[in-house]
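You will see subunit A twice below: alongside subunit B first, and alongside subunit C after that.
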Partner chain A sequence: MSKIAHYLRAINAENMKEWRIEWKYKPDFIRQFLEPFVYLFPYFLYGYALLGGRYSSHLKSITGVDDMVAYTFIGYLIMGFLNTACWAMGSSLRKEQWYGTLEAIFVAPVPRWVYVAGMALHSTCHQGLIMVFQAFLITTVFALVFKTTGIFLVLLIVVLMLMGLYGLGIMVAGFTIGMKQWWVISEALSTLITVVTPIAYPLAVLPIFLQKAALFLPTTYGIIGVRHFLLGEKLAISLPLIIFRLIVILVVWLTVGFALFIFMDRYGRKKGILSLY
Partner chain B sequence: MPADIVVDALYKFFKKGRPGEVRAVDGVSFQIEKGELFGLLGPNGAGKTTLIKCISTLLIPDAGSIRVAGFDVNKDPLKVRQQIGVLTGGERSLYWKLTPIENLRYFAALYGVPRNQVKERIDYLLSLMELKDKAHTRVEKLSSGMKQKLSIARVLVHNPPILLVDEPTIGLDPYFAQFVRNFIKHELNQRLGKTILLTTHYMDEADALCDRVAFMNQGRIDALDTPTRLKRSIIKKEILEIKCLGELQKEEFPALENLLSLNITRLDGFTYIRMGTDNPERLLSRVIDFIQHRVKVYSVQVTSPSLEDVFVYLTGASLRQGGDDA
Partner chain C sequence: MLKGLRIDVLIEEVRKSFLILLAYPIEIAFWIISPLLWVIPLVFQGRALIGGLTSSSFGKLAGTTEFIPYVLIGAIVSTYMFSAVWSMGNAFRDETYYGTLEHILSSPTPAVYILVGKGIYNSILSTLFVVVQLLICVFIFGLDITLAKILPIMAFLLLLIVGLYGIGFAAAALTMLIKESYGLLHLFEYILFLFSPIRYPVEVNPITRAISIFIPLTYALIALRGLLLGLKFDFWKNSIILLIIDAVIIPLGLFIFYKIEKRTKKTGTLAHY
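On to the complex of A and B.
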């Protein structure tokens, strides 16, 4: 029990340390709040250009939602958490190495995943803050209206999805300590997931094999579920099945992620990989 | 009472079985008693850092065993880490964007220092290292010496009984290097009673600080004893030193009778040839024949051996390869 308290304290210390360091790079801190808009607007403009406006009866007929902006925005918002997994968690240990502090923290009496977990906590809070800011701004500018009746289910779905993504994050972190060109893996995974997840369109428009692939991603269920509860999108998969699959996915991804991390950590310490750079 | 650090038949190779295989640690055994200040002395590439990394669980050895404070590094790595403070990497091992207090608090949390003791512990360490008035200044704004002091404080945050110190004075200015040596010896070892494993390639450092010294070369320990006894082991030998102008390689030197060891270093434009011998006069007459056409001799003297000469004599290797860091 005291061991768990110790690890939780270390996870939080990691989280707080990261806030403190980030806070000292203020321009970068601000950039992180503004940058998402830069990436978001092409989606909107594209949508406007194709539809000749914001609303689409075709979108309505296949999804039950006619507002392209609201529809796209939710998918985009949820995908922000992919950064947490692939980049923030993934690069956490490499960043320590770049500071020169990696060996100092690796000789501390906590398991090495604790640092990745601390980064997950930090990045989730950080990303959450950015999302609240974006949601507030976009909602105001476009006068979006969301349904709030299913808000607790929205939270449940997001939490389950996040835990699945943490599995991915710990896996990427594993690659960083066992592989020279870890970012190739990170880049490939995040691109793949971004392409396959139905961010700005319904699942049904994807080619069949991509639809099948999408069913293994927590982000797919996250976006479908959240859009259903906030916008009233017709569910392509029943709610109990969404929850069930999210749970299966999170168990599998976390298990695989941890196993890979532990394997890579041992492999790295056998080969002396970390001290090579 | 069991020894604090027990290393038994330890092996650690890199690029094992492939071209360019490095036998970084090649069958090393030794024990460090509680309260001892133990020195690992050897030139660059001897395997000192690799050995420290194996003890501190950063590397997994290929074979052999290590026990620290009674815990096996393979079976109980977290317990081992709780018992040790590892000083490596110097000033880079801190978060430069954070203040000393923020750094120390972070490490205190990692080490599970009880919350109600953290403030007291940090206050103590900051005043011990004379950093009180810099407690809230970002590390990047501190002088190099202060950063070094802070990294010492960081290593002590959980009050570990055992310290592993890798080349503590490398790159420091002479004044500060002396401070660090005194601190390790008088404060950490003598006053606080810490068991210390220190690595260095500075002979004087090992000679002045350590209770016992192990000579390490090419992954092996060639001799292990107190500095006094190591020096006495070649007491019947003398050192013939020739100071000269001009280049001379060790490899060019012929095998001469009465030449027991050879070390060539360069300092301030001069070349120093230091030869261990049991008969300096005979050796001199032979050496002069060989060198007179190659270099210009400046002075010749006969001295008693330093610990460095003992190292050269026992391992056949020079501590200062090419004398680059002299």
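On to the complex of A and C.
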């Protein structure tokens, strides 16, 4: 029990340290709140250019939702958590290397994953704040109205999806020990997941092989589940199955993530590549 | 500014940059494939919204109803934008991380040679990526390019590169001053990404249309899409505007660089993180 408390203290210390570092660079801190809009608006503007307006009869016929803005926004909002996994957790060790503090951290009396978990906690809080700000602004500007029944199930789905993404994040952090150029791994993974996940389109428009690939991603279930409750999107997969699959993905991704991280950590120390750039 | 041009310094800078790149071969594959991958969600979004591969509303704004070739060309050309913003912007910041910035700036070679060398390296590299991407589009997506179009395409690409690297010079200088360049470079990227017709015709919104007028990427994309997709465009108007932008932006970029380099040396903040 004292060991767990000890780890939790270390996780929180890492979280607080990261807030302090970010607060030192205030313009960048503010920029992070504006960034989601830069990547979201092209989806909207592209949609407006294609439709000549906001509503799509074709989208309604396949999903039950005709509002392109609301449909895209929910998908994009949920994908914000992918940043937590691929970018914040993935870059955690590489950043320490740049600061020159990686070796000091690695000799601290806590397992290495505790450090990455601290980054996960920080990034989830930070990303959560960004998402609240984003949701407030977009729903106000575009006058979006969501259904609120089933909000607890929405939260459950988001939590399960997030836990699965932590598995991915710890995997990326492990890769960076051996491969160094973490951003290539993060960018490649986040691009592939973004393509396959039905952010601005339903699963039905993907080619069959991508539809099958999408079923292995927590983000797919997260988005279709949340959109079902908030917008009334038709579900191609039943709700109990969505929750069941999210739990399976969570277990598999976390296990694989931890195993890979431990393997890469041992490999890095054995080969003496920890301090290499 | 470039008194007694030292070609050997430029060649050595290019050579050194290629050697560093080859140490991270995964980056090469990434930069070739990624811009094409970023198009895929737009293709799926288009299919979901209109149920096909052509849109009359899109045609009214873009001059072509086929949105896939439109966004493909935007993605390919945006390779130059990312290179100018990120590679040039981080040019000196990377040297700080490597621990070599002080050595470079205290050597008897003027820093502007290093900067131009990095610009040449990034231009060559981006062009190689763009050629491979175009070949992928020709052989996989059936994009039509005739040999007669190659010369004007290259001319417009050259005009674009010069303009974008002018912005890159300023970005490289500002990162020496501000240090935590990430946010600043993102700002450059956001402006270019949102307000130029990379993913959508800027005419869709009055704000994007108004700001796009000041971005060289806008004119280059209009011309390149015109040449590659056979769309109507004013060849001379776009060429002259790009030439004017280049004539302003390159001296301005170099001026900003000189000023900031001098300032950081004077205040002694060069080695700060």
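Basically, the second predicted complex is superposed on the first by the 273 of 277 C-alpha atoms of A that agree within 3 Å, B and C clash if a C-alpha of one lies under 4 Å from a C-alpha of the other, contacts with A are read in each partner's own complex, and residues count from 1 in each chain.
Just so we're on the same page, a contact is a pair of C-beta atoms (placed from the backbone, for glycine too) under 8 Å apart; a residue touches a chain by one contact, two chains touch by 3 or more.
As the structure is a computational prediction, the values presented were derived from the model and not from experiment.
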{"item": "Combined model on subunit A: subunit C and subunit B, fit or clash", "value": "fit"}
{"item": "Per-residue contact with subunit A, leading partner among subunit C and subunit B", "value": "C"}
{"item": "Partner chain in contact with A:Lys270 - subunit B first, subunit C second, else both or neither", "value": "first"}
{"item": "Which of subunit B and subunit C A:Leu155 touches, first, second, both or neither", "value": "neither"}
{"item": "First (subunit B), second (subunit C), both or neither touched by A:Val107", "value": "first"}
{"item": "Contacts of A:Tyr201 with subunit B and subunit C, given as first, second, both or neither", "value": "second"}
{"item": "Subunit A-centred angle between subunit C and subunit B, computed on Cα centres after superposition, in steps of 10 °", "value": "80"}
{"item": "Partner chain(s) touched by A:Arg9 [first = subunit B, second = subunit C, both, neither]", "value": "first"}
{"item": "Which of subunit B and subunit C A:Val252 touches, first, second, both or neither", "value": "neither"}
{"item": "Per-pair minimum CA distance [subunit C against subunit B, superposed on A] in Å", "value": "9"}
{"item": "Overlap of the subunit B and subunit C footprints on subunit A, listed as residue numbers", "value": "25"}
{"item": "Subunit B residues within the subunit A interface of the complex", "value": "14, 50, 53, 56-60, 78-79, 81-82, 84, 86, 88-89, 92-98, 102, 105-107, 109-112, 138, 154"}
{"item": "Subunit A-facing residues of subunit C, complex", "value": "24, 26-27, 30, 34, 37-38, 40-42, 44-51, 55-58, 60-62, 67, 71, 97-98, 180, 182-184, 186-187, 190, 193-194, 198-201, 204-205, 208"}
{"item": "Subunit B partner contacts - residues on subunit A that touch it in the complex", "value": "6, 9-10, 12-13, 16-17, 20-21, 24-25, 99-101, 103-111, 266, 269-272, 274-275"}
{"item": "Of subunit A, residues touching subunit C in the complex", "value": "25, 27-28, 31, 34-35, 38, 41-43, 45-53, 56, 58-59, 61-63, 68, 72, 98, 179-181, 184, 187-188, 191-192, 194-195, 199-202, 205-206, 277"}
